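To keep things clear, I will list the structure first and then write my remarks on it.
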Amino acid sequence: MKTLGRPFWIAVGWLMLLTVLAVFASWLPLEDPHEIGAAEARLGPSSSHLFGTDALGRDVFARTIFGARISLLVGLLAIAFGMLVGGGLGIVAGYFRGVTDQVISFCFFTLLSFPALVLALLITATIDRNQWTVSLTLGILSIASVGRLSRANTIVFAEREFVQAARVLGADSTRIITHELLPNVMIPMGALALLGMGIAIVAEGSLAFLGLSVEGDAVSWGKSIVDGSQARDLENNPNVALFPIGVMFLTVLALNYAGDRVREYFDVRETAF
Amino acid sequence: MTFTLEQGEMLGIVGESGSGKSVTAKALMNLLPRTAEIDGRVRFDGEDVRALAAAGSRHFWGVRMTMVFQDPMTSLNPVKKCGEQIAETLRYHLGHGRVAAMKAATDLLEQVGVPEPGRRVNQYPHQLSGGLRQRVVIAMALACEPDLLIADEPTTAVDVTVQKRILDLLDSLRKERGMSMILITHDLGVARGRCDDVAVMYAGRIVERSSTETLFDRSRHPYTDALVRSIPRIEQPSHARLDPIPGRPPELIDPPVQCAFAPRCRYAQADCLESVPPTEGVGESHEFACHHPANTPRGREALANNVAAGVTAAGLQISYRKTR
Amino acid sequence: MRSLVLSRLAQLVLVLLAVTFLAFSAMNVLGDPLFNIVGPLAELDCDAVSRGEIASTSSSLDATRTDCEIVAEAKAEFRLDEPLMKRYVLWLTDSARGDFGTSFASEGVPVSDILKEKFPASIKLMIYAEVIALGLAIPLGVYGAYRANRRPDRILSVVSFGALAIPNFALGVVLLYVFGLKAGIFPSSYDSSSFRTELTSLFLPALTLGSGLAAGYQRLLRTDLVTTLQEDFVHMARAKGMTDRHIMFRHALRPSLFSVITVFGIQTGALIGGALVVEQIYLIPGVGRELVTAVVRDDFPVVLAGVTIIATAFVVINFAVDLLYGWLDPRVRAKS
């Protein structure tokens, strides 16, 4: 009997903790993450400022927790969008095959022909950037990868007896897709969703370094890290960049590990992705 | 298990899948995984083979002792030309230069009956038929003129029409070169026609070993006996029923202390389930491991008891069927 | 072989057309090119001016032209009045000849001149990163497979798993802090004055980019090698008395490289993206920094040209990777 194992639950615990902190950030006794000069600038970690303060006197711990809001939200929304659109298109392509498949597959291939970050740059450069549009952009990036996996799985399942049987019993395509294929294709996609969320969180950080993350004074992990990464700040106040980096690393590690375990648990062959 | 093999002789090792034939071959070739527990001793021309392995002897395997595997499709490297694969042995062991080694490889292909050897050396394995590939594998094994060749089911994976030609080739090469050979096969018929001695394996043990003639005429172990009976014979009427052996070979993980064949044996008595039969006649020309050997008074008595009861001590239902 | 190359070539052209069209229309439909050239004047209703409903204005320093004339000139120069498809075709034919137009921001400067200056540093960085990645991954992958499931392999597995979870920019910042700023072993800024300074000053950025790639390659190669080492032809080679080293490098390595090669092509995309970011951290004057500057200044021709060239390079590399299979595996060569 396979088990997910204790490290898996530690990873899940970490993700839950972060989520709870992020959701209830406003009600927690945290300093204002935006107020400039709230405390003395460039303090090292101490009991009153767990992660120290940045060059503008803002509490790095508070910024990391509030940053989790946007980073986690962007990660979640992006992969949800990718799953919805990419997963849906993949199932349609894999089920109907033929010309539909060729057209959809060509679109996936074209999307994958852009280096992901370059495509993100192309889109974000031309729009107003808030958490919704950034999520949408990163979601578009994931469509092709998600879609190819969903298509490959659909093709496998569409050949199985239970789908054939449903067809023989007179179920129409909509019913077969929603009742027979979707539940089976969902399982391997779950593992991909965890990995994809990690990728989206990292991508937000990369966009922040290109100055293309969420605009305005909204804080995200990526933006906090960029704030602390200027050579002079980094040399004297490494805490500003390194603490959010640590939290982000642990989160991505947890997502990757959980995704890997889920995939092994359901013994899904690595296809297309 | 114990066996010896004289120079120029051919020993057949016969058994079902999973009986330990290939493991035996791999143990001889020092090919078992590092995790394997290895016990016992192999002496080759007076030298302890495992000591050679421990000492990191570089020119023993492949030179004096070598092996041909079952499937020529997979035992050739798909991304290297056939000639190269033969030549590398010569270059490594005998220190041939590139050109000399390729020349020798071409000659070897000619010796094993590959047509147009000059062209074949530059072809990749997938461009050859199964039979030709097996010839390439044989050429590869023979490159350094080994004293002992182990052939692990060399004809299982090739076409039936090619099987005989491959076996004839091995036979003639052996005679030409005075080479010893171990032929591993599940086909008793093959062993009968070509081997000097035959060892029958069951569940990881040699249950009977003797000269081929003795083994077929006076088999002692009920398993051997059953195998011999299961070979179709030309003198039988064309739709005669063959005698299959009931049941399946045992699991080898944590086996009970009993004769491994007892559950499938028509001769099985109470003592078969209590102890593993010792090997009788070790070191002599005919050895076997059975409490109630077939074709002996004790065996006939055991079989008669079981037939009368309709069931063996291990619970196998039997009925008497007139044989031979 | 020939027909395979031709059909892949046709696909390549089709994809390039789709990619460039997507980039071109994203820039022109999502963005507002006229506004980016002439600023607030774009709001001016010049049709109304020409009908005399609004008085003509002349707000620019150049008093010889009215605002509407400036707008009209800009529209003419950048063909903004033409339909999208026509503009795309014109832009494409010019681009194919290496003419990517002129920059919006630095008036009159050809885009190709701007990019030509910036590409070398980026390309050097990426090649350096791949060299480091393969230089680490191949020996460590072989070593991991050789000691499969034993302690060295397990340690490598944990390390590579961790390395995969570190974002490029995070590793970049940490390496910059530890080795560039604190320990001062490597220079913290790009110095192209000589080959040696370039090599040392690009080391940290290249290591940043290369370590994630190395981890991915190492894991793939190890897994594939472990599978290959169970093949009969490896047993055969051992039966022939070949040494472990010979078997590993002469028999097992090449058939085990397929996944690495495939991923090499795909990962080039991540490498390019990573390079954009790493250039920001280490202040390397490459295409990445140029693109970011252009984005900030809404300099569409530069962004469009940069994106097009990068995407084209990426597609072509993956095309080359496909052809590489034929070299690696004679069976593929035969099939096509």
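Each chain carries a letter (A, B and C) given by its place in the written order, and its residues are counted from 1.
What we mean here is this: a contact is a pair of C-beta atoms (placed from the backbone, for glycine too) under 8 Å apart; a residue touches a chain by one contact, two chains touch by 3 or more.
This one's a predicted model, so the numbers in the text were calculated from it and none came from an experiment.
Interchain contacts link the chains end to end along an open line, per the touch definition above. Across the assembly, the chain pair joined by the most C-beta contact pairs is A-C.
Chain B and chain C have Cα centroids lying 57 Å from one another. Centre-to-centre, using mean CA coordinates, chain A is 22 Å away from chain C. By the touch criterion stated above, chain B contacts chain C in their complex at residues 26, 29-31, 58-63, 66-67, 69-71, 74-80, 88-89, 92-93, 124, 126-127, 137, 140-141, 143.
Those residues of chain C that touch chain B in the complex are listed here as 231-233, 235-243, 246, 250-251, 254-255, 328-331, 334. Interface residues of chain C, counted against chain A in their complex, comprise 14-16, 18-19, 22-23, 26-27, 30-31, 161-162, 164-170, 173-174, 176-177, 181-182, 188-189, 268-274, 276-277, 280-281, 288, 291-292, 295-296, 298, 303, 307, 310-311, 314-315, 318.
The residues of chain A lying in touch with chain C in their complex are 106, 109-110, 112-118, 121-123, 125-127, 198, 202, 205-206, 209-212, 222, 225, 228-229, 231, 234-235, 238, 241-242, 245, 248-249, 252-253, 256-257.
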